[in-house]
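Structures are listed in the sections that come next.
You will see two complexes here that share chain A, one where it goes with chain B and one where it goes with chain C.
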Partner chain A sequence: MDPMAAIRETFFVECEEQLGELERGLVALENGTAEADTINAVFRAVHSIKGGGGIFALEDLVRFAHVFETSLDGLRSGTIEVDSAATAIMLRAADVLADLVRAARDGSGHDHGRVASASAELAALTGAATAQAPAPVDDLDDIVFERVQLDTTPTPAPATPAPLPEARRTWVIRFTPRAEMYAHANEPGLILRELARLGTIDVRLDADALPALDALDPEGAYFSWTIHIETECDRAQIRQAFEWVEDHCALDIDEATDPSAPPATDTDEGLRALLARISQEAAEAPAAAPPAGAPIPAPPALPSASASPVAVTDKRAEQATTIRVDLQRIDRLANLVGELVINEAMLTQHLTAAGLARAAGLANTMESLSQLTREIQHSVMAIRAQPVRSVFQRMPRLVREVAAMTGKTVRLICEGEETEIDKTVIERLSDPLTHMIRNAIDHGLETAQTRIEHGKPAEGTVRLSAIHRSGKIVIEVSDDGAGLDRARIRAKAVEKGLIAADAPLTDDETDNLIFMPGFSTAATLSDISGRGVGLDVVKQSIHSLGGRISIASQPGRGSTFTLSLPLTLAVLDGMVVSVAGHVLVVPLGPIVETLRPAPGQTHRLGAQSRVMALRGGYIPIVDTGVLLGFRGQDETPEQVVALLVEGENGDRIILEVDELQGQRQIVIKSLEANYGAVDGISAATVMGDGRVALIVDVDALIAASRAEIPAAGRSPTPRHEPETLLTR
Partner chain B sequence: MTNDLAFAGQRQGLMLMAFRVGAQEFCIDIMTVRELRGWTPATAIPHAPAFVSGVINLRGAVLPIVDLARRLGLAESAPSARHVVIVAQIGSQTIGLLVDAVSDILTVDETLIQATPDVAVSEQIRMFVEGLLPVEGRMISLLNLDRVLPSNIPEAA
Partner chain C sequence: MTTKTILTVDDSRTMRDMLRISLEHAGFVVLQAEDGVHGLEVLAGAVPDVVITDINMPRMDGFGFIEAMRRDQAHRSTPILVLTTESDTDKKARARQAGATGWIVKPFDPVKLVHAVRRVSA
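Then we have the complex of A and B:
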């Protein structure tokens, strides 16, 4: 990758962070939970995006960010009141800014209408609606330049100590920006203010080059400044103020020939008097055009006042306690640590075999070694862990959009955003969460009218929370809507043939019907949650993350989706089994229970198939060894252990294995990287003895069993229940 | 190694690693070789072709082992601790080649490689043997490993 592309990539990564910061700040302002620094943080976020956008000449982005920044500045200085109307506009603007950033990143187009309307809203807020619009020619007479306040007084206390008069020198700076400088979103006002921090300055604007209005190129550059500065700084320090614009301006810095001579005081005072008169006139008759020859303020691209760049830099330095690391490097580290754990286990095994495990000193050393390795393992996992905030912070926008589309008023409450979970899991959480939140607003919440009729507040609430619970992360999406309509769900399930008309179902079981494939109660597929995709897809994606999903609902009170997810995808809870002399791992997730079938519990069905009578039903039996080709059809041993497993789609089969070796947490290794996909096997792992064990893909086995064993009918009367070894 | 070959190698060398499989000698481009390991029992893969002995653990990565004797259609060998696994990089995949022993490191002139004579050889030999090298009265077959894993096994994503 060439360096510029790498910088560009970094810029967009940072943009995402800044957008998150922006949204968080605006939401805090909206909720009234803002802290003293929140407005500044919000401003900095937009400012940084604008600055970066300027470097990459992303004009649309810069232009919009600029309008946005101006409004935020009003917010900061108190000229715009922080009320719900203002924050709503700001939040919409933040969404548009996010779109522009993404459009710039992907090189895709964006919705010009939306950008324009957001700009107009912001401008209306700022009260400067015409600031950006190029004037139509026939309206020339009505054009009035807005007076822009250039505050050149140094805001923070100068960092330099009290200057010694004898060290002071006077410099004359001639500064003539070219159009590119403005195009890159640089502002002379900021530079002048930066200079003002260095010493006493006297600035004069030369607007002679300014053409008549009809000949004026709105993106042109016509001004130059002559600055007299009295300072103890040297040429290099002065030049530093122009560091960012040096390539885009003509700049002369000379030491004044006669330092004692005050810079043309007469003109200066004349100018001040003129300025005073103009501002007075402008205040009295805002529509009156300034007299010709009067200093015309800087081009309209300038905002009034802006953040002190120094303050921004300081904040940056303070935050720079994190580093960016390539995920692959961390994965490699995690891999090596996994190996270390295995090697440690092997060492212990060998020591025990050699009868040395109890030897003086050795036992202690081994103990501390194993503690160290485990600590390293946890630390590495912690590096991969990230707060769920990154996915949660996308949701407020979604809620706004869906609320707008459905015409409902919705408040989103996020809790536990700091809860940490593996990065890979986070990335794959976004879609299911989006779906569930859409669902909660579209189907869960009632309209404001209905809510009021039921004595509820008109505004619906959707709550999104994350919490760690016994080695898992539990995410809940709940709404205070109508709850599930069980009668309708039941009717629908019967109609679609998903359940028998007389099936006895508990409320919970009825609720969970909504996760079945082919189930969708919405009469019409709405644009919002419909899309022809049901909650079964959500369930599948949660399952593929090794998690579980369930729903609880109270009529009239609302529904709660509960997701329980593993903290990492790199580790899996598995049941270690042996089959025909091979060691396999069955993921614990799909195992419903483990049985040792009593003699006579299994029944032959046709030439090859067998079923097991279990609680009044018949479950097809599959010998894992046969299915994986480890042994022939008739080689199934007498004594087997049966695992009742349930696939993603709810199908249940019994997997026969020879022996259980116990539950273990295992590290998942790719089999496909160096070999390829294997039917019935999802991945591999390395066991304590250093050997590879394969992880069974339960869903593939269920599918394979369907293919090999024809649809099962009913077999003779059930006998007594098999002995249950383990129930989950 | 003859002086001729050594001289040729300095001029434009092709470095090869030679190894024995059964009674025959083969060689591969040494640039594909990552490391050599002693044989350890492999974990069988379901539905795998007979020449794939299984997978072993290579410092945390899962390494498939190809039994070259079977792959080349030679007499099968019962692997023991004295067998050697050549860890080779083929495309994006790393695989282990089970051989009897590593015999030599050669630097040869590419022009010395002779085409396989048009005799009745097995399909496997025609598929993998790219050329023949005369070295000190021995004959070493140069192998092309690109298709050592069958094409019906998908490449890594």
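Then we have the complex of A and C:
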């Protein structure tokens, strides 16, 4: 990758971190939980974004960051008081800054009005603090952008910006360094070299002030130089060569009264040769060998042999607690570990087949091998894991926006931000969480007025939490609002034809109706939680991550959305089944229950279709073997096992398989990457005996069955019935 | 000609990357530290030819770092360049007072950076 593009990428990654830091700091200031360094950290965050933005000439971003930084500086120095009004303005400014960063990253436009009003707010804040401070607009003039000159004339522009190319003039420079100049590590030789770049120079050393050796202070300054320079440059350009030492030397620059006057004649040969070398080097390569400058009483530089390199290495190792790794490398590692797991299983199987599984020594070795393999697998998964903080930290802003739009006062409490989950899962969590939080504020929380009437605090609370629970991550979004209006949900579901008017539903089942496609409780769809999509979309995206979502509600007390997600997408919990001699894996997620149909429980419906009577409803039956083309219509065996599965959209069918082989964790192998896409199959895995097992795509099977079987009842089915063999 | 070693001290990763890539491209060996404290730790085991430091950093800022370097016998004569913005005349003065050799005005490009380094290294 082009190095600048790589730096740019780093910049935007870093911006996101700094924005997170900024928001955390401002929220801490608002809550009064700030620590001593919080204001500095907040200031640095904005300062860094400004600095990086400068590299890439992101002018709007730099301009706004500068205004912001000025206000934060006021906050830091105490001229602006840290009160709720100030932090509110800062938080809004942080949001605008985030928008500008993203606009710059994506090359998209941004809301100029919002930027202007946030700038004005900040300027007012700064202005109020320092009444006579210059108008903020003046501040902006301080920023200097280096622009690339675009030459529009047909002829090339002159290489040097000299106003009059012909006007070569001779200047006389008298340069007398003081001791401080050496103490600041500036060397006259290098300054002379810099001068030599500007033109032809002639240098005379005046060493008259040099005392006898016994009186010499090794760090003193005793030399001065007289330099004749013939150049096209003007005084300011010459002065530039001395800009770092101006305060630490006596410097006179005059135009030579007699340009034709011969340069100093008493320069000795050695110095002349030296200067020739300096000029030559300056012309050739600025970083060539040292010009072995004039006798400079440089401060003694002691060799640092005293320092112990070993101890230092240790210290630095402690510093490096994190490293950045390309995600592709980790994915490759994860893949290799997947292969290792499969190989280990194959090895075990071969040993068993050869009757060696119990052979002395081998059993123990295999045991520790499989333990090691599992540990490696977990460690690799842990590398991909990231704290959910990165998603959670976007939510306070969302809550502020939605609260402002609905006119409600809302407090967001985040818990378990350190909980780790696979990076891919995290990336796809943002939208569902956004939707649920909007929903909680818009539909869940009551207005302040209503809350007070019901004896609740005027401020509503939304709680967002993450926790690990038995190999899954559970995320909850809860509010202390009014809870779901079950009567209305039921009426709506009946009206939409989603359930029968007399369907017996528990409270839980009623609540979960809101996830059904086409369901929307709000009479008028507000643009806040609505945005044209319902909670069924949220459910779908959670399902596609192999997760589940449910809602629990208590009237008057609030509702809780519960998401349960797998820790990783690379490994799948699956049910291994056999169908017509083939081994298949059905993901455990969509399986509602497995059962063995009783005689008389299945009914024919027309020539080819069959349904199963299940708790007062009828569910279409699909012979997996037939659907996948393993066998013909009439070859379904007598004894089958039925899997009741539910698709992402809530449709349920029965998948018939010949046998259950058990539940297993399997490593997912892409079929598209290794073979090609197959209808009804989502991926594959390799079993312990080396056979490839296909992983069925339940949703595709449901869709395929729809094409053949007319839709039957799809009422939500209560669980815990006697014929259940296994429930999740 | 021996290869010059440059130590850069900056808390911004973007800036560190920018410095490292620009300087390595110009043939320098680059050491990096994330703040003043880290910078001094690196200096305990290395003798860079030039040090480039930012001002605003956590734990120890650029002024503190420069002052500490100038007190250290091993590094008091090492050239130090400060990264600063044009508007910060006050910061330039403070940096110089602390012992800085020169400064590099942000935003800078690789050419400007390398030129500044060569102005202080033989």
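As a convention for this text, the second predicted complex is superposed on the first by the 516 of 728 C-alpha atoms of A that agree within 3 Å, B and C clash if a C-alpha of one lies under 4 Å from a C-alpha of the other, contacts with A are read in each partner's own complex, and residues count from 1 in each chain.
The definition used in the following text is that contacts are C-beta pairs under 8 Å (C-beta built on N, C-alpha and C of every residue); 3 or more make two chains touch, one makes a residue touch a chain.
Treat the numbers as computed from the prediction; the structure is a model and nothing was measured.
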Taking the superposition on A as described, I'd like to know which of chain B and chain C A:Arg44 touches: first, second, both or neither. second
TODO: Tell me which partner A:Phe11 touches in the superposition: chain B (first), chain C (second), both or neither.
DONE: second
| task | For A:Ala183, decide between first (touching chain B), second (touching chain C), both and neither. | result | second
Chain A contact check, chain B vs chain C, more residues touched by chain C
- Item | First (chain B), second (chain C), both or neither touched by A:Glu194 | second
Practice prompt. Please work out whether A:Asp247 is in contact with chain B alone, chain C alone, both, or neither, and reply first, second, both or neither.
Written response: second
Checklist entry - Should A:Ala57 be classified as contacting the first partner (chain B), the second (chain C), both, or neither? => result second
Chain A contact set shared between chain B and chain C covers none
Within the complex, chain A is touched by chain C residues 1, 4, 11-15, 17-18, 21, 25-27, 34, 38, 41-42, 44-47, 56-58, 70, 73-80, 85-87, 96, 99-103, 105-107, 109, 114-115, 118-122
Note: in the complex, chain B contacts chain A through residues 40-48, 52, 54-57, 59-64, 93-95, 149, 153-157
So, in the complex, the side of chain A touching chain C is made of residues 3, 6-7, 10-11, 13-14, 37, 40-41, 43-44, 47-48, 51-52, 54-55, 57, 142-146, 182-187, 189-190, 194, 243-244, 247, 286-291, 293, 298-304, 306-309, 311-313, 315-316, 319
As the complex stands, chain A meets chain B at residues 335-336, 338-339, 342, 582-583, 628-630, 669-681, 684, 686, 690-694
